[in-house]
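Accompanying notes for the structure given below.
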Amino acid sequence: MFNIGILGCGRIGQVHAISIGAMDSATLVAVADAAPSAAEALSARHGARVMDAEILISSPEIDAVIIASPTDTHFGYIGLAAAAGKAIFCEKPVDLSSEKTRECVAIIEKSGVPFMTAFNRRFDANFSAMRARIAAGEIGDVELVAITSRDPSPPPASYIERSGGIFRDMMIHDFDMARFLTGDEVIEVSATGSALVDAEIGRLGDVDTAVATLSMRNGAICQISNSRRSSYGYDQRVEVHGSKGMLRAGNVLENTIEMANGAGFCKAPAKYFFLERYKEAYRAELEHFVTAVTNAESPSPGIQDGLAALLIADAASRSKTANATVSIGS
Amino acid sequence: MFNIGILGCGRIGQVHAISIGAMDSATLVAVADAAPSAAEALSARHGARVMDAEILISSPEIDAVIIASPTDTHFGYIGLAAAAGKAIFCEKPVDLSSEKTRECVAIIEKSGVPFMTAFNRRFDANFSAMRARIAAGEIGDVELVAITSRDPSPPPASYIERSGGIFRDMMIHDFDMARFLTGDEVIEVSATGSALVDAEIGRLGDVDTAVATLSMRNGAICQISNSRRSSYGYDQRVEVHGSKGMLRAGNVLENTIEMANGAGFCKAPAKYFFLERYKEAYRAELEHFVTAVTNAESPSPGIQDGLAALLIADAASRSKTANATVSIGS
Amino acid sequence: MFNIGILGCGRIGQVHAISIGAMDSATLVAVADAAPSAAEALSARHGARVMDAEILISSPEIDAVIIASPTDTHFGYIGLAAAAGKAIFCEKPVDLSSEKTRECVAIIEKSGVPFMTAFNRRFDANFSAMRARIAAGEIGDVELVAITSRDPSPPPASYIERSGGIFRDMMIHDFDMARFLTGDEVIEVSATGSALVDAEIGRLGDVDTAVATLSMRNGAICQISNSRRSSYGYDQRVEVHGSKGMLRAGNVLENTIEMANGAGFCKAPAKYFFLERYKEAYRAELEHFVTAVTNAESPSPGIQDGLAALLIADAASRSKTANATVSIGS
Amino acid sequence: MFNIGILGCGRIGQVHAISIGAMDSATLVAVADAAPSAAEALSARHGARVMDAEILISSPEIDAVIIASPTDTHFGYIGLAAAAGKAIFCEKPVDLSSEKTRECVAIIEKSGVPFMTAFNRRFDANFSAMRARIAAGEIGDVELVAITSRDPSPPPASYIERSGGIFRDMMIHDFDMARFLTGDEVIEVSATGSALVDAEIGRLGDVDTAVATLSMRNGAICQISNSRRSSYGYDQRVEVHGSKGMLRAGNVLENTIEMANGAGFCKAPAKYFFLERYKEAYRAELEHFVTAVTNAESPSPGIQDGLAALLIADAASRSKTANATVSIGS
């Protein structure tokens, strides 16, 4: 049996606890949270022990830790877990600082522990099937990619303040998706944005409506658009144009019902937000992690993928400020 | 130049006048209508002379007549036009009585004049492409057909009274479509219906909601549904299942716009009614007639097709009354 | 804890065992099957004991039985379980004979045990949402219903032989759906069919392509079509027209991907068959059963619903033979 | 009667000649082309006289000229026609040079002749309906716009050489669409591109795959993508996100047919190219011109709109070279 401990018992920690509960091959042994009540609630629901985070990480019965705590705690937990030889499943972003993320890369590579950056969208059945078909050459060489991500409503100001900005917090998923779908690397980025949804977000120095244009090593171009507002549910679409055709993945609607009357033909809104939309992807990513680690294979995406997406986000932030195209990692 | 006279200057006569106006190869020479004002209005718009119907039919400068007058005048005009050796383009139904229609068949076959029954839907680009693909074997042997036709709103009682009932007035188009798409003949029909939309229609002995099941000679089954009510525009759909796959033709919407908000994803209603929906089909059917006649070929559908559809409609009416399946032509 | 025993460890029994495994409130205690290996396989996977069916039914620790064994065993098991005071969850059809089903109704009503007929489609999220919207009056009075059900491929002859024919085996789901969606009763049925997919099915006296027209008490008409062949996956569609609008539920596709190239715009096939398509509905129906029984409420659909659907199927069979419309229960 | 002369008898000149032929209120009086055979062919088909361009422009019987000749002739013809007091309908771009276009603006404004820049897409029924709904406030304030335009295949090198580059030749339509749909002005642009479709286009210093990001005065952001390759027909889509919802206009497919088989559900490709897709828009734009001029109103879009789009195209070209965001008109 593969024994897992969860660090951070918030929304995502709870999702992972449920996923483990449905697995034959893994057990949730312990949970930790800075807020004892959160840890106890999760413990009660899943029959896991409550531990201090440090004790959990060093506990000999634990095989792997899921780091689902606030981003600023990731760095410390990664260091401890690597030192303790635990497999690590870490929510994105690894860290908001590319320097500290590079340190994590060094730590992980030196320690040799398995590490997975939890880019859940790669495990969505639609996007993973698209990747497989692109990799199989079905649309030829990739030329143009369009990624649309829109949240149903903006998060509170308190979240925005610690988020690292829309490029590191929200668009980082799309940067990873661009790399994942094309199997290519981003070399340049040009980005801009406005605070159109919530003026408070603008006062905090962030934007809520943002776009970026990525130039890929092989010449393909990728357009991304993000908004913190979507009246019709969580908007998650991808369109990839190649030399032989186009593949796109549309939204997942709440149901298949269509109503027709004088207003026309109306389908249901998209599923509300990430927990509904990616429910199955969250399960699949954890299953991949458990399977990979128990088979002594490297889980993917790894820590280098976490760093790569963050470097694009950094460049996008700089591009927005400089009003110019910026090279990645420069 | 191919000279045409129009008998009946109502809605459909006007549609045909416009079609002729756009043709290089045909001219509208004369029009006739029992109501002089209708004839004069059409004449003024298209520069054609107003004539008495009988004079028009026998006029030596006329090559062909379009019979777009009330159904009970068709029989007489067909006789006169056949005697005068004119090519005949006749709106459906040829006549409400199958006996008189059979007489027309005899008259036309004896006279040898070209005759076309104006089943406009055969000339819709979508349905004609479907027919071509079915005939080419793309879906293998036809097994099951579903035809849906719904008018936006019921006609006035005065129309219903002279219509011959929903099977002869409305579903006759679908009977023809079943024959056209399958290239097969109907051997049995079972039909029923209710007056759900307008109680007045029920009092007149007709129904406004009707269905029929057709058994085709080759074993295929066809389901048809009709309603005199459709809140979302003129509903005109066909679905044909074969041994190798399915082909369907969907509605033609008013435009391609989709609106998304909290209500979901809404497309425009279907085009309102037959004049909008089949505008191009009306043009194409007349062009086919003119081209066929000027090339000394038989226009299609011919008078036998008009008779065949009427015999199915008769059988459907009897089936509804008898609560039993009825053989065609029996 | 609510203790369940499963009678019949085939495909559906396995589905229910998994559903129970995911429930907090119920436990799979025992399984039985005429084939010991099937019972043992299921037992091993879910940690339940293997018992003889009769012993299982009378075991005091069992609160409810799931009857998922061959149809001809239902009658006996229902009698034993009712006598033992167990709640009963029974796969459809309750029995192929309406007389024996009527006996079951009497037994259940006399014993007072909770009984649920497992019409899984009622628990599909799309169809249940449609029912709720129809019941809320969103489309006004129901006028016309169209139900399409197509299996991906015909079952083997051995299955057909014991199936009771397409109306009792396959279309019975659609008969129940017509009653469920409209909240109305069927009073007359007209049905026909052909053996077009597999000549062997015809030799066995059954058909593989069938249609029925139902007349509902309130005047609405329902058209159903069934085929044992669908090249594009399991086809499960419903369309309900009312006085104010139309609601339809489309197919559930394998994924949201659309491919565009010279062939046009291509979406994925529908999910392959009932296990994939109704996976979640199977879970939801069992959850409803457990919740209802533990709350001392009647689960729905009940045994009367099982009888009602069978009586329509009987009438459809007679209609096909008689080539006439047949009244229900007559 | 409103008398029109056409300068340039190529593909677009022919389209306009057909449109005039279908109008009651306008007549095609004369045509001119540097290639006498082209002028004669068009003349023969529409019964118009062949004239020298200069003579046509100064002919007293001509009320308006359609300038559909090569772009480098526009400037001269505009000067002559303005001097002759003719109403001018000019294909886009007015000129490839913004300086000469500014001169044209001065000439037109001084002369006071009616002038229309032929941005045909504004007259597409879908896009004009979208504009009306946006202007009516249906989606609130515009926040994000996505425009996709893809030609089915690249033009020959000879065309590319004189085209002014993809931003002035192709994306200029999308720049106009951004202004038209938002009713707002572009203040900054960032653009990039690659030669991925045809290496020869790259050798000529142009690109065949290009994207641009526009910042609008009111804060909205617009993403545009262009490609000279589309395997599935002429791709012409627009998506506008506002504070209250989203409106999008999809592609116009060749027909409404859907084929379903093991490959899934396949719809027809989009209409092949601009002549098929915008057939009705070409007719509508000319009708607008004729109606406006005969009613002594200013046709729209005017010459300032032609200049505005060109200035954005110039800025996009500079942005691509400079790898930086560029202000419009700077």
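Think of it as A, B, C and D in the order they're written, each chain with its own count starting at 1.
Everything that follows uses one rule, which is that a contact is a pair of C-beta atoms (placed from the backbone, for glycine too) under 8 Å apart; a residue touches a chain by one contact, two chains touch by 3 or more.
Source: prediction; values computed, not measured.
Touching chain A and chain C at once are the following chains: B, D. Ranking C-D and B-C by contacting C-beta pairs places B-C first.
Among the remaining chains, B is positioned farthest from chain A, on the basis of C-alpha centroids. The distance from the centre of chain B to the centre of chain C, each centre being the mean of the chain's C-alpha atoms, comes to 42 Å. Per-chain CA centroids place chain C at a distance of 58 Å from chain D. Residues of chain A found to touch two or more other chains are 231-232, 244-246, 260-262. For chain B in complex with chain A, the residues that touch the partner chain are 231-232, 253-254, 260-269. By the touch criterion stated above, chain B contacts chain C in their complex at residues 141, 143-144, 146, 148, 150, 188, 190, 192-194, 196-197, 209-211, 213, 215, 219-221, 223, 225, 227, 229-232, 241, 243-246, 323-325. Of all residues in chain C, only 22, 125-126, 129-130, 133, 138-139, 244-252, 255-262 touch chain A in the complex they form.
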